[in-house]
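In the two complexes below, chain A is the common chain; its partner is chain B in one and chain C in the other.
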Partner chain A sequence: MVVIGAGMIGAACADALARRGMRVAVLDRGPVVGGTTGAGEGNLLVSDKGPGPELELAVESLRLWRELAEDLGPRALEYEPKGGLVVARDRQAFTELQASARLQCLSGVTTVEVPADALGELEPHLAPGLAGGVHYPQDAQVQPALAAAALLRRARDTGRVHLLAATTVTGLSEGRVETDAHGTLLCASVVNAAGTWSGEIAALAGATLPVLPRRGFVLVTEPLPPLVRHKVYAADYVADVASGSADLQSSAVVEGTAAGPVLIGASRERVGFDRGLSVPVLARLAAQAAELFPALREVRVLRAYRGFRPYLPDHLPAIGPDPERPWLFQACGHEGAGIGLAPATARLVAQLLDGEQPFMDPAPFGPGRFGKEQA
Partner chain B sequence: MANSADAVDGHDLGDRHERYDLAVVGAGPAGLAAAAAAAEHGVRVALLDSAPWPGGQFYRQPAAELRASRPQALHHHWPAFQRLLARLDVARERVTLLADHHVWSVTGGSGAFAVRALTGPDQRQARQLTARQVLFATGAHERQLPFPGWTLPGVVGAGGAQAMLKAGLVLPGRHVVVAGSGPLLLAVASCLVTAGATVPLVAEAADYLGYARGARVLAANPGKLVEGAQHGATLLRHGVRLRPRTAVVAAHGTDRVEAVTLGRLDAAWRPVPGSEWRVPCDAVAVGHGLVPQLELPLELGCRTRRLPDGSAALVVDAAQRTSVPGVWAAGESTGVGGVQLAVTEGELAGLAVAGQTAAPRELLRRRARQRAFAELMAARHAPGGGWTQWLDDATEVCRCEEVTARQVRDAVSELGAPDQRTVKLLTRAGMGWCQARMCGPAVARLCGAHDDGAPTRPLSTPVPLGLLAECDTPAPPSEGAPDDHP
Partner chain C sequence: MRRGPLDLVRARPETPFEFSFDGEPVTALPGQTVAAALWQAGHLAWRRTRLGDRPRGAFCGMGACYDCLVELDGTPNVRACLAPVRPGALVRTQRGDGHGELR
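== the complex of A and B ==
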């Protein structure tokens, strides 16, 4: 097996395949966790997903994350089952939030409605005047780079996984992966977990996969005593994730970290791979965070970082074999949810590869859903 | 680009904020010379610096309340500084000096750059201006290579020790071992003994004999030889010994440094076993050369090159233009070369910004000569790879996040982290207050690199969240916002 990409998805796939006894080479054109994984917050969320296949995948994935945390130790992943708190600014938003929470319940999500006067018990520093919220105890957090590294390490400890960093794939055909640094690798199947660059990998095999980058900025404050206990965001965030607009959208997710800094993320823009600093985007994140937690106004922002989420037009990942090339498995396009969805994605890939009955219907993630390939 | 928020920002800002032809970031020797030269030719200049007075690290001045009678006693080239200030004074109608302004971001493009700074007590006041062009004279900071005990009180940066002396007339200790590498060490030691400290020795990791190989470049820069000789004479007079191929391999003490272990080094900076000896002291001033400060130009996309010592510096053309239209650079940001080169580059950049295309021949010749000397120094004092051998596992490499050499090495060997960014993600090294300014070069080199890396920092200084939130104000022109926006 060759897994292309040593980010979170590639690490989870390598681990899942190696544990089934397969021999795996993990390639990356750069270092480990060099792409979206190294630029993310490590959100493990069910709260931001409406009923449907992605939520089903997320519920299973968060269960697998709990297992991983038990197996590897929560410190190795900086796993924090802190829970999410989605708040509504006004009565109407609260009504919509409650309705959506009831639907999520049917998909196995635990939700707890929080009336306005009880918000302070969950988050003492939250701004007054909010209409209410919903608490999602399943939402959790990992440090994504550490988590991916821990999984890669566990995979390597099986003795069946080779990590080949700084190796660019130059050609892809059935049974053969051509590389610049390690010549030709012979394999039975290929897993494309190249994140934002998955489209280019697919194209090497002649397949079409319209993965595009969606830029995000995250703000990091100075280390603070515990101020924010959950992942807190306003209800309009849910609408942003599903939006197809190219313009900036942001609804700050505010959360504390074990190390002390508060993270505020993340904006969403379709600007290609433009790495340029956008002060108005940072400003909007800051304003939204201050609106939720007025005490943050006096706190200093120490740094900002940016990354590019790999997204597909319908905002669902591509998981499974290419319809014309059964040896090429896609595991990419998770947009901003890749860390959370990684273990279940890897499980699905491994089950499909092994010819086993998958734990859920993979059809909605079928890579063939984007029409005919290039001539 | 047309629909990116930043473009909107860049265009709208101008209606509501101060406008200048040129924003010079950094009022050290290069920035002062550039501002003076440009203003003398009719350019309206904003000159910004984080310090309360102009002068930069080199011409750092004591606070007025200290009533220093002769600040120049600690300065070489003081008259040159006075001349630059006098020129700015003559051109004062066209130069706005914004001291105590910490620039945290420069965005936009040629014709409309937005410069955002923090000022006031505790840097909690925002100031924003637009400029048609930007010139970076952002200087350098010290490269630190850690050793066991380097976090003890009393161990200070060599440049920091000099700055303390110049700004506050405070000595870091009475018996100060000066160590590291680079020409700054002699200047620092000379400063320290002049101010009354004793310096048991200056430990220089490189081999000074190496200069002989650049004899022609040396002969072309007689001023540098005189300067070196002056420091040498001062040190000789005070009985200070210069030990080449020597390093502080450990500092000892409980509450404060009490002694250091020195060791001989081979050509690759590996400590020679059995060569160690102990020297008592109450302070150590240490630095391993200077690294250009590039976060602002890197955010704008300016191209860099590697100097022989592994530092990254901005690529500039003959007129000091960077690779980004409308962006200029002078001084240490184009490669560490000292005060004279900085002034020369500043003059040339200022003239070029003002459209004076025919630069004086003499200036061009001087720059070529001084640049050659700078490259020679960079090559002679390039850190050898062997320094990592004096680290023990418990040595803290990143002080802000308390990450040890062992943790960094594990990230490299177990997880295959090939560079500073990956080590940061896996260990938190470089995520703290200093944003890897202190540990970045050391971590990059622990990953096996022979260079300092060049991490990007979208915010070049911490910004209060409330002020950042207010930067999202692309108000429509019809609102008629006041012109005297603070």
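== the complex of A and C ==
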């Protein structure tokens, strides 16, 4: 087996395949987690997903993350089951939030309604005047770079996994992966886990996959005393995530970290691979965070970082074999949820490769759903 | 004879002034940074670390290491090696992250 990409998805796939006894080479043109995995946050969320296949994948994935944290120890991943708190600014938003929470409940999500006067107990520094919120105890976080490295290490410990960094894939056909640094690798199947660059890998094999970059900025504040206990965001965030527009969407997700800084993320906009720093975007994120937590107004931002989410037009990842090339498995296009969805994605890939009954219907993730003409 | 840096560059500084460090008066020369003035007055530490309550002062002296953070006129996390000191400035030892008010 060849897995292309040593990000979160490639690491989880290599681990899942190796644990089933397969021999795997993991290739990356750069270092481990040099792609989007090393440039984003590690929220593991069910709260931001409406009922449907992505939520089903997320619920299974969060269960698997819990197992991983037990197996590897929470410190190896910086796993923190801190829970999420979604807040509504006014009555109407609260009513809508409650309605969507009730639907999520039916898909296996635990939700706890929090009336306005109880918000302060969960988050003492939250702004006054909010209409209410919903608490999602399943939401958690990991440190993505650490988690991907930990999974790759565990995979290598099976003795069946070879990691080839600084190796660019330059050609792809059935049974053959051409590289610049290690010649041609012969293999039974290929897993395309090249994230935002997966479309290029698919193209090498003559397949089409319309993956586009969706830029996101994250703000990092100076270290603070514990100020924010959960992942806190306003209910409008969900609409931003689901938006198909190329324009800027932003609504701050605010969270504390073990080291002290508060992270404020993340914006979403489709501007190609433009790495330029956008001050208006950063200002908007900061203002939204200060609106939720007024104490942040007096706090300085130390830096901002950015990454490019692998975006597919219907916001669902591509998981499974290419319809015309059964040897080419896609595992990409997870957009802003690739860390959260990695373990369940890997499980699905491994089950499909092994010819086993998958734990959920993979059809909604079918890579063939984008007609050729759309690409 | 021992020569100080001012003699070495043949400086003719303007009139010294005072500022306060943890309530004590300290004398500074116009153009000095907070760190330079504190050092000249014999103070080597003006921050206690977040985790071990250990003393810290200037390390790199050029704005890169953030070891020299201090509270200046009520604002925490100011780099003492970059901030110019002004007459009457209120400099205080920074405790931990300097945001005790948020605790």
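Basically, the second predicted complex is superposed on the first by the 372 of 375 C-alpha atoms of A that agree within 3 Å, B and C clash if a C-alpha of one lies under 4 Å from a C-alpha of the other, contacts with A are read in each partner's own complex, and residues count from 1 in each chain.
Note that in this section a contact is a pair of C-beta atoms (placed from the backbone, for glycine too) under 8 Å apart; a residue touches a chain by one contact, two chains touch by 3 or more.
Just so we're clear, the structure is a prediction, and the values are computed from it rather than from any experiment.
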A:145 contacts which: chain B (first), chain C (second), both, neither?
-> first
After lining up the shared chain so the two structures overlap, which partner does A:188 touch, if you call chain B first and chain C second: first, second, both or neither?
-> neither
Once the shared chain is lined up, is A:125 touching chain B (first), chain C (second), both, or neither of them?
-> second
Would you check which partner chain A:299 touches, where first means chain B only, second means chain C only, and both and neither mean what they say?
-> both
Comparison of chain B and chain C by chain A residues contacted = B
Have a look at where A:290 lands relative to chain B and chain C in the superposition and call it first, second, both or neither.
-> first
After lining up the shared chain so the two structures overlap, which partner does A:225 touch, if you call chain B first and chain C second: first, second, both or neither?
-> second
Could you say whether A:165 touches chain B, chain C, both of them, or neither, answering first, second, both or neither?
-> first
Show which residues of chain A both chain B and chain C reach, each in its own complex.
-> 222, 299-300
Please name which positions on chain A make contact with chain B in the complex.
-> 31-34, 38, 145-146, 149, 152-153, 163, 165-166, 217, 219-222, 246-248, 259, 269, 271, 274-284, 286-287, 289-290, 296-306
Listed in rising order, the residues of chain C that touch chain A in the complex are 50, 77, 96-97, 99-100, 102-103
Within the complex, chain A is touched by chain B residues 3-6, 8-9, 105, 107, 114, 116, 299, 301, 401, 414-419, 421-422, 425-426, 428, 431, 433, 435, 457-459, 462-466, 468-474
Footprint of chain C on chain A - complex, ascending | 125, 222-225, 227, 260, 295, 299-300
